[in-house]
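Input: a single structure, listed below in structure tokens.
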Amino acid sequence: MNSFGRIFRVHIFGESHGNGIGITIDGCPPGLPLIEEDFLADLGRRKAGAKGTTPRKEDDLPELVSGCFKGHTTGAPLTVLFRNNNTKSGDYDNLVKTPRPGHSDFVAWKRYAGFNDHRGGGHFSGRLTLGLVAAGVVAKKLINPVAINATLIKAGGREDIEQAVIEALEVGDSLGGLVECKTNNIPLGWGEPFFDPIESVIAHLAFAVPAIKGIEFGSGFSAASMKGSQHNDPILDESGKTATNNAGGITGGLSNGNEMIFKVAVKPTSSISIAQKTFSIESNKLETLEVKGRHDACIALRVPVVIEAITAIALADLKALKTASLPWQ
Amino acid sequence: MNSFGRIFRVHIFGESHGNGIGITIDGCPPGLPLIEEDFLADLGRRKAGAKGTTPRKEDDLPELVSGCFKGHTTGAPLTVLFRNNNTKSGDYDNLVKTPRPGHSDFVAWKRYAGFNDHRGGGHFSGRLTLGLVAAGVVAKKLINPVAINATLIKAGGREDIEQAVIEALEVGDSLGGLVECKTNNIPLGWGEPFFDPIESVIAHLAFAVPAIKGIEFGSGFSAASMKGSQHNDPILDESGKTATNNAGGITGGLSNGNEMIFKVAVKPTSSISIAQKTFSIESNKLETLEVKGRHDACIALRVPVVIEAITAIALADLKALKTASLPWQ
Amino acid sequence: MNSFGRIFRVHIFGESHGNGIGITIDGCPPGLPLIEEDFLADLGRRKAGAKGTTPRKEDDLPELVSGCFKGHTTGAPLTVLFRNNNTKSGDYDNLVKTPRPGHSDFVAWKRYAGFNDHRGGGHFSGRLTLGLVAAGVVAKKLINPVAINATLIKAGGREDIEQAVIEALEVGDSLGGLVECKTNNIPLGWGEPFFDPIESVIAHLAFAVPAIKGIEFGSGFSAASMKGSQHNDPILDESGKTATNNAGGITGGLSNGNEMIFKVAVKPTSSISIAQKTFSIESNKLETLEVKGRHDACIALRVPVVIEAITAIALADLKALKTASLPWQ
Amino acid sequence: MNSFGRIFRVHIFGESHGNGIGITIDGCPPGLPLIEEDFLADLGRRKAGAKGTTPRKEDDLPELVSGCFKGHTTGAPLTVLFRNNNTKSGDYDNLVKTPRPGHSDFVAWKRYAGFNDHRGGGHFSGRLTLGLVAAGVVAKKLINPVAINATLIKAGGREDIEQAVIEALEVGDSLGGLVECKTNNIPLGWGEPFFDPIESVIAHLAFAVPAIKGIEFGSGFSAASMKGSQHNDPILDESGKTATNNAGGITGGLSNGNEMIFKVAVKPTSSISIAQKTFSIESNKLETLEVKGRHDACIALRVPVVIEAITAIALADLKALKTASLPWQ
């Protein structure tokens, strides 16, 4: 479904080439300073236009439809709306018949019996992450001074990321990437076992971001090759500080007083200029597809701010849940 | 919180050394054949006693407290209860003061202000996965003929798993492991974007399983190093069958008609016989801790059936959601 | 919170004098024919302008922001947006200081620490029922051929409703009303005990409608004075048809094959032209308040279509839940 | 479904003549003093045995299966289990074929395709209110010093309740009743508009209690006959105290600082000794049914403590939600 969270809740809507996309944020307390300009910095980081991202000009100006009054949140639901414009739907018309490999075209057409808005991926489009970024801006304010910092640390397996992207662009190909997210100042004890440890909540949101293929916390997949005597992080003092951080800042599903670290793997953009084979629904046989139009050579370039957003959304909800269940006198 | 799911919902309760642990399963349709014996095979796979697992004798006999009548489900909530016995709480008494590295002892003590049942990890114990396995048995029936098969493919980074475990046991250490889960026969189109793609639902549940540090679908982390021209899976026919399966059977968050594949990383058991340093809450300084009592050298040995269970739980809910939103006429 | 439902879910947002109000409908299956004109009939029934309703001219033109494509629902969330215009916020400015009796002004100011949008009641305004009516239009389509018919059967205790309203208007007073809702063609067996019997779901939504003070099903409050031998409805045949209908069409929380009947009590509009006493937050003493501006003499006149809407919303969700839990094989 | 609440959540399970019934309470903070004896007073008030209630001897001894340790809650889910015994299932065997008027026998048989546990009403039995009462005991502690007091004010329309019941017993008939619930000391501002005003949450739970036919808050149904000038409650001071209390302590869905008052109508017990006509599923025609076995002449006698419990459950959740959304500094 299109909702997430228990107290700090988000509801997402919209399609890539419809009237607009947006998000409703429920459970935000009253009195938080908030104006439309507050969204621009993070939206800018997500914006297209940098080398390796699609040249599509998305104005991405947010409208605060509800929930704000005189520069503060009211306690009522916040709806942030982004109008679509500068869309060229014609680019996508043939995709109904020749579904793009790696995209949702084929499965969506099957699942929704052909009624899905296929233009630009419709409701599956990465454009919906605009809503996540907007909600992330509000969430970041709510969890202050928690500080979240996500960066792209590799593209196509290379650390010289810009050069790697340039080379991929030259041949009409695309690259995957590895994003690392580090979060500091989380108070000890956020997380809601059994079913809502921090990892579960973050991973749930992370896989809602298009193109994410994996997530690992702390030692992650390398833990599978380790011994307990190496992996256990000795606790040093009453703050919970540990000598090593294989746990990635989370023990028993709860923040443990150390830096929270996780990584996500981003697959290469599915849209490439290189010709590909695909099954044509129209001709009922394999055909050659050349994806035209605008696309990113490395969507992972735009992912860090989205990962920060989903981390903030997760933590804002866990903070509220913690507040609601403080120990009895 | 301690619930998961939207229609096929599970509610877990219990502590390792309290009266018992159990799970309530809501949303199971009436008329499904079910008797207590049905649980024994999967419970046996999770059971302690094999080489590298704790010698604690857990009878693990399930009681169907509610929701069954004359060998069939009734449509009312199913509660499966496991009584605890053969527990030696004395083993854990000192852990309040000297929290075990890698365990929840310290964070739970902080979060719950000392009121948590610390014995054997209490509500954080791996023993709660008994409830998951029980719910998995019911879920597997509901999604038949979907077939789920999880196996431990490496322990401590080695494929000669049994030998690796024996060596770890000899030195009182423990090992992590890598579990692979393959699922076949999922109809195309299960999954509920935006926030409930299959990956999100499975990952959410996977990180609720103690000791899981990472999850990846299909190409997973290797996707980060790939090019789009390599990663895209060409669609071959109307069934959605693809030439390669980097997607791991999921596109756009929906099952795509191919085998679903994911892997999870399991950290080494935190309890080891080797002496460790930890901060003592009592003496307010670092002390040497020797964890006594029963423990697994490689908890990953017991994880595959739990991973199958959470996969089945996720799919049973997604199947129900799909049924509830079939295309109009 | 501002969401309701389990599968057919609605999320409401907006304030009376902000940018707009709206509703997002999640869980609507793809392929349902839907265009903006479909909303107009029910919106017209709710509209202001009839005798006894406020002369405020609300255009109430709905925009389908998302979830529709080529005249059909897509399976993605439907957002229906109503822009606010023709609002005279100046009318309400003094109400911050002298809260209107019967309105939320005072409690909202306290609860939201003065940050609430107080203009016209803000998020508490009856204007939000526009969203309910819009969702009701979609829900009515989904449950077709279920037929819902709500009517105002008394105003101020009188059956000559129009005359009663004229008299109240003449003296600047307002009237309460009694609305009866009859629903036919509900298949037997809708409802989700234990916590979601039909009555619970409808009553929950009914009390979200501003001004509702009571709800009763079938015999309702008269049941308290009856004997079992009078009250029991004899079952006549296998369709579940009963000789009498004290149950109001619901037994054990499930639709029983008979007409569903319930009544709601609507309090008199709190805004009246007659001078009233209230506590002034500014002067810290009792003052005389004269509520200016536009208001309804009998808000109950506009309630029937809203009650139909919430009934349809409840039934659309219960229908989906029933579909999702059909008996095994 | 069988869950209710957002933070303070309850999950109910069990059948009248199965192994037992119970409730799991999630979201209870750690550190609340709680032992099994704490449940006995309210369970005793609900108990059978008084004049006009069934002579069935229910021991109703609660077992705290989980969530408590050393006399305090741990923060983990609390499961309270009641074993069934002294059940005479034979009494109910014929009811499959000749469904009792007013009972769920017929609709449950249809809805669950004959798989429901029909004995004693199974999951529809009033016996499940044991779970509600148990959860109410915990909730009352959490909302202290909020004081809830429900009483039966009429039976069969008469205020000489005991005599009315004696007369009904003599002729093998049953009586309905009217229960009033008054709650004091609720802080101003509890309730969660738009969809979770106090009335919605309480009404939702009230209609989950078997036999409830109506609910009204404050002036209730009499409001439908009133004028605004009569109905509006003048606010007297900054505490929100009003001169009258037609609102029943709730304005705009929020507690307003006054006593909260509501009434519920309880239908007469459906089981009566007088012969009744019903449709026989076996013979496919109308037959005469004589309900044997134990039953209450006036189930309303046992309802007040259940109504207190659901009020406490509602308020405990609304208190937690309020705590989680306090105004931003």
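The letters A, B, C and D name the chains in turn, as written, and every chain counts its residues from 1.
As a working rule, contacts are C-beta pairs under 8 Å (C-beta built on N, C-alpha and C of every residue); 3 or more make two chains touch, one makes a residue touch a chain.
All figures in this text were calculated on a predicted structure; none of them were measured in a lab.
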Note, CA centroid farthest from subunit B's centroid sits on chain C
Using mean CA coordinates as chain centres, what's the gap between subunit B and subunit C in Å? 44
Could you grab the centroid distance between subunit A and subunit B? Build each centroid from C-alpha atoms only and quote it in angstrom. 25
Using mean CA coordinates as chain centres, what's the subunit A-subunit C distance in Å? 37
Which residue numbers or ranges of subunit B touch two or more of the other chains? 1-3, 6, 12, 27, 30-31, 72-73, 75, 111-113, 115, 123, 321, 327
Arrangement of touching chains [line / ring / star / complete / other]: complete
Okay, in this complex, where on subunit D does subunit C touch? 1-4, 6, 12, 99, 101-104, 106-108, 110-113, 115, 121, 123-124, 128, 154, 156-157, 168, 173-178, 188-189, 192-197, 199-201, 203-208, 210, 212-238, 240, 242, 246-248, 251-257, 265-272, 274, 276-279, 281, 284, 286, 300, 321, 327
Sort out for me which residues of subunit D touch subunit B in the complex. 1-3, 9, 11-15, 18-22, 24, 26-27, 30-31, 63-67, 69, 72-79, 81, 111-113, 115-117, 122-123
Complex contacts: residues of subunit D adjacent to subunit A: 6-7, 27-32, 72-73, 75, 142, 320-321, 323-329
